[in-house]
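Read through the structures below before going on.
Presented sequentially are two complexes of chain A, the first with chain B as partner and the second with chain C.
Coming up: the complex of A and B.
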């Protein structure tokens, strides 16, 4: 084996180990700081240790209520995300085809992006019931972000590729499936990945304020009322893992679909 | 292809006013002129990419080679060629054969499965050139197709162009800024100037393309005339 081959193999192995090691080190440092802080406060009601929080998480894991709350929150989050995605995709395409629609939508999207989240939450609590308002809130937070990303991707399609497709008379369906969809996919997957966890966070926050039954938000609120900080931490760990899994699922889907280099 | 009374305006700017020109069958015509004079607008008019007033008589389809390769990043070299011509070659076997032939002509058979990001600039432009010839068009528009390439790559691409043209003759309208490129590749050199643009020089170049040298007296004379016209 040549020396340069050996060097390349070693570099590749170091790269793989690094990909696993760095996140583990990061998580380890975080847990260490948490552990030290919990030891320093020495009051479980203020800050339980990581081991207590994880213990509580595993206790939750064995209860029926956990799955009911998780299912409720996850279902609502996915519904509002899917609605936001669908509306963003439809309006971005209409805006791309009819620039006047895009111009009309621009200030609406800007307003939605700059309205304080709390204003949206409080208004929707007035307008809707406790299980509908978290869906609307998450929709209103996620929609402008997805719309802007889709609109930007469509506008960024290479002008030469568009001209080439027109000159060569490429059929519309071929253009849609081979050019337009693949052109917007990479940025859309990236936007969906970051927005799905944001959507989950907003969903839980609005569930707390709306007192939505069968939800993680209300479960967290109950833990807070009983000053059961360890259980609150357990629910938080569950939310973090769920968010991580959702992001991972979007990433895997993206990797399956987007296989080309950019 | 015959363009008659073509009129095109961009706002207050009158690019063409009753502009007429005819392009001879199976010949390469180089169209030159200063930047912003309307050369690319002329290509866009012929390619149907921009609205205009006037008439264009043509008998057959048009393909284009742009200054950028215009390849889809999500498709391989073969996929990019398929994308542009699949609707014109319904028979899969014939299509596949045509793709193999054109890739062989530009010496890219071994890169058929590569994505554009895996190709060099010269390779990508060769794919674009191959696509222009693969499409069963009667006319090929070259819109500064050799721009931005270094001398070696440019010479190589020009050789591939002549090779493809020899095996599959087409009527080529070539927009360029480089007089040497026009002298080596074209059968006719047209220079447009003014606002609205008009033909200020129109010269045939008869020397056989495969043995042309820039030092040939005929090419020298065309070059001198060009320099006098554009006032260099």
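Coming up: the complex of A and C.
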């Protein structure tokens, strides 16, 4: 009896505190593993402790290099994401209206999606300079994912609703803003959210390989060259937080669009 | 719900344990290699001119009783520190500043010899205008100079030289007025196509890539970085101790002194042998993983400035070089100047 009571009470409380408690537990467990592993290795070049990494992270804010690198990487990531999103949206809409275009694009997107990231990176290093190639690489990785998601959600729009709106002669603008956009929005926001952080990761990786000046990738690479693992971790924390903020920004934009169209 | 929480915590503990066991396991590998019957010696060198320093050893594979020696070539200097860290190598050739950093970070290595006394050159499509070095360097303003590896030796030495001659520089992709613009690629072999296509006008790289660039990309050597370094630092000899042999402390114990002495002697024999036998150098090093050392010539090997100098005799040159880098950016040598223990002094010296 008592146990059941407790279980019920717990269940009701979990709803309220769960949103806060579980992420905190998750982060705590992660930090604990990190801390124990760092203690076990006891060598800062292999694995610095979480406190050292966060110390280095806060040191970054005082340096000019941090803002220069952050600005460069963020700018490039946003440009390539915006380009990929625009292309994906335009092509998905054209493909939706003209099925033949969608069929022509299908193999291209499949190829783009299955080309190894590394060969895209290596090829673009030959074609472009060190600050252009990360933009191309990120574009080529993110575009097919966004396109497929947009195409899928457009195809999934309820056929009955579509034919009904035609029968009742609903104006085009109303149809776009009241029907199409609301229908594709949830999936699109979800796709954009996961792809913007993927884009940032790809961006940083390609910056390392392209030796892009003024970039977070090279800042990480230089910390590695100087065996400054704590600083490398500090940069990593900065990248994680940045990608978290980017995802948040995408969510906010999604919500703003929902509000605006009402 | 309670069960779930318990499971979560249990899982977390198991993961923590596993990770720590795995990491502790890694550490213990150190002891296993110190087998009393035969000692395994793994020599790791970066591809390029430092690899030529071990060419004779690789080619003839001489043996020393009680030691089992393996050689491997890795792509770049950064893999060297990884090999030393995870104990896959106990002898390595590394850039001097990386060696100093490894020493300062407590990775348990000492400098045994310096081997490459500078093999860096700037190649270009056009000769810089001007009569003096300062004028020639100043003529690079408004141009892009490509370099290999941001934050590594070629980058640091060239920035030091530009600073000395009071020439402003910036990092970027496009040329800007009144400054030298520095741009980067990873390796010399990446730079050659850029020079060939005319995308790059000037590039700094190490031999043997220099010879390859001049033969294939229509460039010629415009600066000897070693000479510029001498002019900038006012040192007595040309060049600087670019790379040296670093040995882990476990292999520097007195019982291994005879082996180390033998190894250094073999490195010394290599100097003349390598420039006399370029074909053998190429084939031997290619067989252990080099991708950039095929088709070497005597002239190329000579331009690599290979010279084995024992740590004790190289102290002044090393301290001058590291001191310059330290003054430029302390992080490049691991935050501080290495102390005297950095230089290996064989215990047998005292007995002799």
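By our rule, the second predicted complex is superposed on the first by the 240 of 262 C-alpha atoms of A that agree within 3 Å, B and C clash if a C-alpha of one lies under 4 Å from a C-alpha of the other, contacts with A are read in each partner's own complex, and residues count from 1 in each chain.
Operating definition for what follows: contacts are C-beta pairs under 8 Å (C-beta built on N, C-alpha and C of every residue); 3 or more make two chains touch, one makes a residue touch a chain.
Keep in mind the model is a prediction, meaning the values are calculated, not measured.
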| item | value |
| --- | --- |
| Chain B versus chain C as contact partner of A:36, first or second or both or neither | second |
| Residue contacts with chain A in the superposition, chain B compared against chain C | C |
| Touching partner for A:93 - first (chain B), second (chain C), both, neither | neither |
| Touching partner for A:78 - first (chain B), second (chain C), both, neither | neither |
| Chain B versus chain C as contact partner of A:171, first or second or both or neither | first |
| Which of chain B and chain C A:101 touches, first, second, both or neither | neither |
| Which superposed partner A:240 touches (first chain B, second chain C, both, neither) | neither |
| First (chain B), second (chain C), both or neither touched by A:112 | neither |
| Touching partner for A:131 - first (chain B), second (chain C), both, neither | second |
| Residues on chain A engaged by chain C in the complex (per definition of touch) | 6-7, 10-11, 14, 25, 29, 32-33, 36-37, 39-41, 43-47, 125-126, 129-132, 209, 211, 213-214, 218, 221-222, 224-228 |
| Chain B - residues contacting chain A, complex | 47-49, 61-64, 66, 68-75, 79, 83-88, 115, 117-118, 131, 135, 141 |
| Footprint of chain B on chain A - complex, ascending | 158, 160-161, 163-171, 174, 178-179, 182-183, 185, 258, 260-262 |
| Chain A-touching residues of chain C, taken from the complex the two chains share | 1-2, 8, 12, 15-16, 19-20, 23-24, 26-27, 77-78, 81, 85, 98, 101-102, 105-107, 149-152, 171-173, 182-186, 190, 193, 199, 331-332, 334 |
